[in-house]
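Chain naming follows the written order as A, B and C, and within any one chain the residues start at number 1.
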Amino acid sequence: MTAPEGPEALVRRGTVITAIALLGVAGVYVLAWGYTPIEARQGVAQKIFYLHVPSAWSALLAFSLVGIVSALYLWLNDPRLDRFAAASAEVGLAFSAVMLTTGPIWAKPIWGTWWTWDARLTLTLFLFFLFIGYLALRAALQDPGERARFSAVIGILGLLLVPFIHLSVYLFRTLHPQPVVLKPSRPSLPPEMLRTLLISGAVFLVLYVGLVTIRYGLAAAEEAGERGDAA
Amino acid sequence: MPSSDGSRLLEATGLWRAYGRRQVLRDLDLAVAAGEAVAVAGPNGAGKTMLLRVLAGLARPDRGEVRLEGRPLRRDAPHVRRAVGLVSHQTLLYDDLTLHENLTFAARLYGLPTPAAAARAALDEAGLGPRADESPRRLSRGLAQRAAIARALLHRPRLLLLDEPFTALDAAASERLRAELGARRQQGLGIVLVTHQLAEAWEVATRIAVLVEGRWACNEALAGSLEGFLPRYQELIRA
Amino acid sequence: MPEWLRLALVIAGKDLRAELRSRTAILSAVVFAALVLVVFNFARDPTALAAVDLAPSVLWVTFALAAMLALNRAFTIEQENAALDGLLLAPVPREALFAGKLLANLAFVGTVEAVTLPLFVLFFNVDLGAALPGIIGVTALATVGFVTVGTIFSAMAVRTRFAELMLPVLLLPFMVPPLIGAVQVTARLLAGRPLSEMLGWLRLLALYDLVFVILCALVFTAVVDE
């Protein structure tokens, strides 16, 4: 049983992209240590910000794509769209897990608490649960057509939930002002910090692309293999 | 082969459908005219049941089209579904409602003018009048089958689809079913009957179609005896 | 009346009749709600927190959990004897089918809430007084929100092996905005705060209802049609 060229080539390409991105992450580490200044109030621990924030962005990107691609799937019925959405969900789960672990690691030394209900952490926590729900549902369904349709429904509904979560957190916080120390440190960033953050964002984007390509390729290879068995 | 008299009840063209990873329908065509009864036979597998579901509008073909009385069966055209009735392996009845309530509900779904009366009449005609106020879970297989058929015919569809209806019926019930189908066919009902027991089909059908690996191994008018056909049938399904 | 509405009412009526016959979902949900209230009572320290501070959260957590029990019913009855096929065969637009199931679920959950509220007042000694109309209003608003999403998710969950577990896993994130809104408004109602303090939340609830009722009705066909 030979696997077709397509999926294998994808996995290879994805691995290359991911390797490049991981080098980029190492680069970001270097930048974070050497290049960026130490933040006055928060000290060295603040530097985890360069991993924490782009992970959150990537998780949100991953989720948005799941939602958009799901809507496209319901319209166009192409199984490749479903495969992409599933790959994006798995990668997004990983990114949100990273964000949710780096968040407390950052928060503890700076704010003295492991968890805060600030907008970014809360939203990412919801994304995490939505990803889990999405993947749990997929795991519980055998028929590929049903699995694709149901996942697409959750994807779309989940995407529309995000603005409501945001709105709820916003309303909650304006009515319950948090102590000043919990404000996310963003208003005016010195140029080195901003540059490093943007570079890190780009690196994480490449990492996302690489990981999704690998996952997509693996899924395609698996399906091709099964089709070979079943025919 | 499509009939030439123009009263084409069902016309399915170019049906493709996958189930899981297998293609169970491959570029399938089927036409049924009023008063025709097509027996669909073939080896076990998801093809025959899936074909019925596609013809009933319960499943969408990946490619191809189904037309009932000339109108395409599509999600956005619910009224087209009036033309068809389905008797499947399950009764489609609610155990928490009585037979009469079940059929009244079905009548309301189809927008019949006097739902309760229509339900009562259908049950009486099926010989289930005395048990109309019982739950379906109390009925024997044969009686439950009759209730399911009554429900399927309530809205006077022009096409009736049946999925292995003779399964687990005793001789008397089978005979009754055969007689009923024959009578209705004479009145112009089109029938598609899925079976893997050719003997049952032989008395009801006017045409035999054998589905093998998603394609018709044969699709022709019934001629001759069952005994004459059987060897050929074995040959076809072995292919 | 428009055909879709007639069909929705016919379907909802059938669900209500079947439920009245067997009474399984409503009874278990009500008993469950009462038990939850009892547990909450023993789980708190009466000297530390006044009942009225905790009341809105307790009430809404109870409503949410009880609702999830009741929601599974709407589609499990369609599983036996493949009755759902009967609905799909008929000339019923899928949006009407969704509306019918939604109405039935609202009736079930509403009934559970109507029984739970007096129990809550009893156990927690809360004085509803003038707040009652407002509480009923916000309850209706929030319930529509999470029952809508719950209806479509239960249609999906019922096809999996662990339906009772799958539904909460899928539904809980979606229950949060209506719950937050409901708790905030309920707390302010009980404290006698002016309406202006609740408008933001009420708008959130109303917008949530609007968006999700329409969206769920539109995607419902992807859940029931193969």
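The rule we apply is simple: a contact is a pair of C-beta atoms (placed from the backbone, for glycine too) under 8 Å apart; a residue touches a chain by one contact, two chains touch by 3 or more.
Just so it is clear, the structure is predicted and the values come from calculations on it, not from any experiment.
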{"item": "Pair with more cross-chain C-beta pairs in contact, given A-B and B-C", "value": "B-C"}
{"item": "Centre-most chain, if every chain is reduced to its averaged C-alpha atoms", "value": "C"}
{"item": "Between subunit C and subunit A, distance of the C-alpha-averaged centres to the nearest whole Å", "value": "31"}
{"item": "Subunit A-subunit B separation of Cα centroids, rounded to whole Å", "value": "50"}
{"item": "Length of the line joining the C-alpha centres of subunit B and subunit C, rounded to whole Å", "value": "39"}
{"item": "Subunit C, residues touching no fewer than two other chains", "value": "226"}
{"item": "Overlap residues in subunit A, where contacts from two or more other chains coincide", "value": "145"}
{"item": "Multi-chain contact sites of subunit B, meaning residues that touch two or more partners", "value": "none"}
{"item": "Contacting residues of subunit B [partner subunit A, same complex]", "value": "18-22"}
{"item": "Touching residues on subunit A, where the partner in the complex is subunit C", "value": "74, 126, 129-130, 132-133, 136-137, 140-141, 145-146, 149-150, 152-154, 156-158, 160-161, 164-165, 167-168, 171-172, 175"}
{"item": "Of subunit B, residues touching subunit C in the complex", "value": "53, 56-60, 75, 78-82, 84-86, 88-97, 101, 105-106, 108-111, 136, 151"}
{"item": "Touch list for subunit C against partner subunit A, complex", "value": "149, 152, 156, 159-162, 166, 169-170, 172-174, 176-177, 180-181, 184, 200-201, 204, 207-208, 211-212, 215-216, 219, 222-223, 226"}
{"item": "Subunit A residues within the subunit B interface of the complex", "value": "142-145, 223, 226-227, 230-231"}
